[in-house]
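Attaching a single structure in structure tokens format; questions to follow.
The first chain written gets the first letter, and so on, giving A, B, C and D; residue counts start at 1 in each chain.
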């Protein structure tokens, strides 16, 4: 009896191959390689929102005279570098023409080889670590890079915040926070920085706050995941941190606003987009988020726009342009078409350099308004 | 010197108190079943999630007792479903079952939360900011160790002066003999799980009020550390577990701050990166204890009969 | 009577199994050529690649937990050592500075590069092999050091101590101060990886992406099987069944436990190296205790004490979690469309429930303590009985 | 007594103290080649503890064991025991030798257990074959890669022969634990013999046997001694068996030796009779 049951169980598994779907228009598939769970799950979901919104606005694309339905195919890389290659392979096996993503640099680096091996182009949306595109011919990205962002932040800390000693906190094994801290330290001056890393699964950040206070730092730089961020903000509040917190693009999120609301912590971030830059776009996407319960939940329960959502929106149109320029759904043709693209997006003009990185030279700096729980625009920062 | 170190010690005592409440569950279950209940840390996490969801729709004075009740029910059910059928199986099987339950709870939490960080509700008064000895901290940090000690004293009274407590002591001394003496083993084990999970539920409230974010893996590390605390203090011994937990909590906090402490006092010039080892240190401590005093600080020595 | 004394692997049956293995390898080689990464069936190749990594990991864990009865949970730590050793020694010098972007790389030696400078393309393969073996040796060496204090501990204490050591190893490898060697906690990439494994014969390029990991796993598992069936393997089983009796019959416990522990760790190291070459990255944060638990569950699924069980268990585990059950996460499964239920994470829930069912009701797993060859044997016996 | 033969086992002043309890007190004995010697005594007299000391399971608190003319075990009260020691001959021994049981087995001691300890997942044949592991000359690599086929083959044949000799050939491929009690005892003895011992130590070989089985066992033990040229030291409760086959007997009570001698002498010894009837001398 047990044997039969066991065999039946195995059969069930074998039969579970997903059936094929058929549609009227020919379909072109765009892979969405984003974390839906894990440390960066919240950010990944927000980034996907932008693509989904763009997809509702422009559900079809004309390629070589034929109208194609655009289908977004999702794979959850679970914010984990060892799950990423298989998630990427899943997209490739699904026959996507190109891939968008990911939020978080580690997973993109981890999957870059899989994409390269299959010759499927990938466009990074907000993965800012230089290693994503270095040494990989199929990876492009539309965001700025960490050396740039780190320098912007360091300059901001020095000139605007008047900081002389910085406390930098990264998560062990996280390429995004580790990388950004390194570039920040390089720009700020190694001798004036205290650099510490916390192991995964840490929830007690009170000691790190104490460390920053004890070492007499005057800025707290912690470009970590939003999960850790919420904990850090809570502790910074109860322990009266007494210095501004500075972070990168990941912190441009509702999670931070929710955590910071009603506290007396000063938070500044660099990001890709400032709400209000394109009123019409803002209105449209907010209406869409509010009309869709899942979207609202994925955006953290309100319609405050995250820059990554806008980046996701732009990435979708870059993908459509690439398909149009390629005149085919074959990944190989798309790959050839991408380097020469020039797209005007909501976040600015998008074009690629030789390595495949975006030609961007400015970042927005925002500060959290802890009374109203929204971002206030501070400045547009450039390096030069 | 004192002023630099004090914040670390206070934070460590608070963390230790939370570990202690989890560690008791480990040590009691191990004392009776000789089982490392790997799922205990995850029960602790589930208690946190329950609070998140219940407090969203119910007032705190309803949700707090309800969370405790549901958590206890969960602990009771886990024992019934996953451990009781394996009572006669080899110890390894039961341990694997425990790992399986832990895997299941984490994945269930992942499914329900969608893998997102859940903000723990603010419990008024205890999460307020207070100033102690010139140091800013939250009230829960100060309360935790005291509450822990009160609960432990109550527990020790329960074990020493009630019938069920006596039965527990008997079972942990000798499983088979107590069975022969007419003690209802299953009731005793259920009671153990109920007490263990009750304390874990209380612990989770203190913990998550202090560190207000719940993710599916929130319970894993505290759970493991609490277990180490139980081993450190001598598994099976409740005072041992509590003292072990405080030692580990303080040591962990000091390790995280060691770079800073040494730099402030001029012993070293630049960061060494001790914080990297804040988790690993717990295990170093564990291995030292296991190798040199396998029965822990307060454990009793047993010899295998040939 | 005389016949029964013969070695269990009679010549004939060992030839049959040899040919079967050869046929399997040939099939994998053939599939490697015809299934391209953009093919829908390429998931099969992914499963074969990852599956062979986990199969070796599970079999080596089974050697320790199943055959020797030492409940160790340190596997991820030894795999980590293997993965890093392999990665560090196969990064080509041109890519070193990109990979070690925040550090000044201390080790600038790459086996494939060094050998190919001398021997040409064949040197690359030899270099990879040497790096894999070195990965195993280093893992075994660390296992030896750890084993000295730890192996004296009994059952669950051993489990928790080895678990602790794995966490310590992970922390050490992430330590910023070791950055010039380990790249700190950042990932290692650009080293020799399966996606680049190709053989050029004249004008045709033969793909070896799946073949190489499958080959390494097959050879390693055969070696483990041989060990298990040898006099040492029997001694391990004796220790598992009754330590006191084993010691009284002249089996040196410390020595044999150490042999089992280091050999198991050697192959854990090899599987770690394979993990690196399959995933094309190596990073300490991936080798958490959760990985050990997963491997343990594969062993349990297949049946503790059965090598073929571990292999089947790991392939089923990988195929189910990476491929067959993916529909559970993305809305449609078995033709049922229910995005509300089949959303992210459901796959893992179903999966863990299956595992709990196995743990509770099919405690012996798929194979119990039997091997595939036993199944054939018992069938033969039955057939014989029927004929009479 | 066969004093003309060389001494196989010499136990001198063994004291085994657990905490404050002296389980074996100043026990000495000798055994000569080819002898069958028995240790008897009421329950809790310290027989099995003495056995465990001789076979290396416990390190004695004080005393020395010489095996085949070689000093193999020696200890004196050290550390915490230094103060707590309650036994005699405190200053007599100064050496410290604490071999693990497998070392002693390798030297030629083999034992059985009071509560049978066979390897339960294995067949009768495997149980005997594994005991041959000790006699291997192959190392890990040659054993794994088949460099020891000749040796492996030889060991298999020896194991088979041994099984036949002890009369278990018909259950050769059965699981060890599926055998009836008497046969499990035999198998344990066969397993011990597979290590090719000079001294065979049997811990209550007749425990739980019916009179019929006991008679068979008595004969069997005698046969073994002659056929395998071993000396035998046994602990036993069955007086019939002990009186039948042992050449000399040592009697333990409350950890101390109260008598020794031939079966006839022991049967006539009043102290022994008292001990067995539960009368204490100074009551």
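Brief remarks on what is shown
Criterion: a residue touches a chain if its C-beta (ideal position, glycine included) is under 8 Å from a C-beta of that chain, and two chains touch if they have at least 3 such contacts.
None of the values given here were measured: they were computed from a predicted structure.
Put simply, the chain farthest from subunit A by mean CA position is D.
Counting C-beta pairs in contact across A-C and across A-B gives the higher total for A-C. Centroids built from CA atoms put subunit D at 72 Å from subunit A.
Between the Cα centres of subunit A and subunit C there is a gap of 33 Å. Look at where the CA atoms of subunit A average out and do the same for subunit B: the two points lie 35 Å apart. Spacing of subunit C relative to subunit D, judged by their CA centroids, is 44 angstrom.
Among the residues of subunit B, those touching two or more other chains are numbered 110, 114-115, 220, 271, 273, 276, 279-280, 306. Contact of a single residue of subunit C with at least two other chains is seen at positions 171, 174, 176, 185, 244, 344-345. The set of subunit A residues that touch two or more partner chains comprises 36-37, 172, 195, 197, 199. Partner subunit D is touched in their complex by these residues of subunit C: 1, 4-7, 223, 226-227, 230-232, 234-235, 237-238, 240-242, 244-254, 259, 263, 305, 369. Subunit B contributes residues 4, 7-8, 11, 15, 110, 114-117, 119, 127, 129, 136-138, 141, 207, 210-213, 215, 217-218, 220-222, 253, 256-257, 259-261, 263-264, 271, 273, 275-276, 278-280 to its touches with subunit A in the complex. Residues 36-38, 41-42, 45, 78, 172, 194-199, 201-208, 210-211, 214-215, 226-227, 230-231, 234-235, 237-240, 255, 258-259 of subunit A are the ones that touch subunit B when the two sit in their complex. Across the complex, subunit A is touched by residues 36-43, 46, 50, 95, 98-99, 101-102, 171, 174, 176, 184-187, 189-190, 193, 195, 209, 275, 278-281, 283-286, 288, 316, 319-320, 322, 324-327, 329-330, 332-335, 344-345, 354, 361-362, 366 of subunit C. By the touch criterion stated above, subunit D contacts subunit C in their complex at residues 55, 57, 100-103, 105-106, 110-111, 113, 117-122, 126, 129-134, 136, 138, 140, 143-146, 148-149, 152-153, 155-157, 160, 169, 172-173, 191-192, 194-195.
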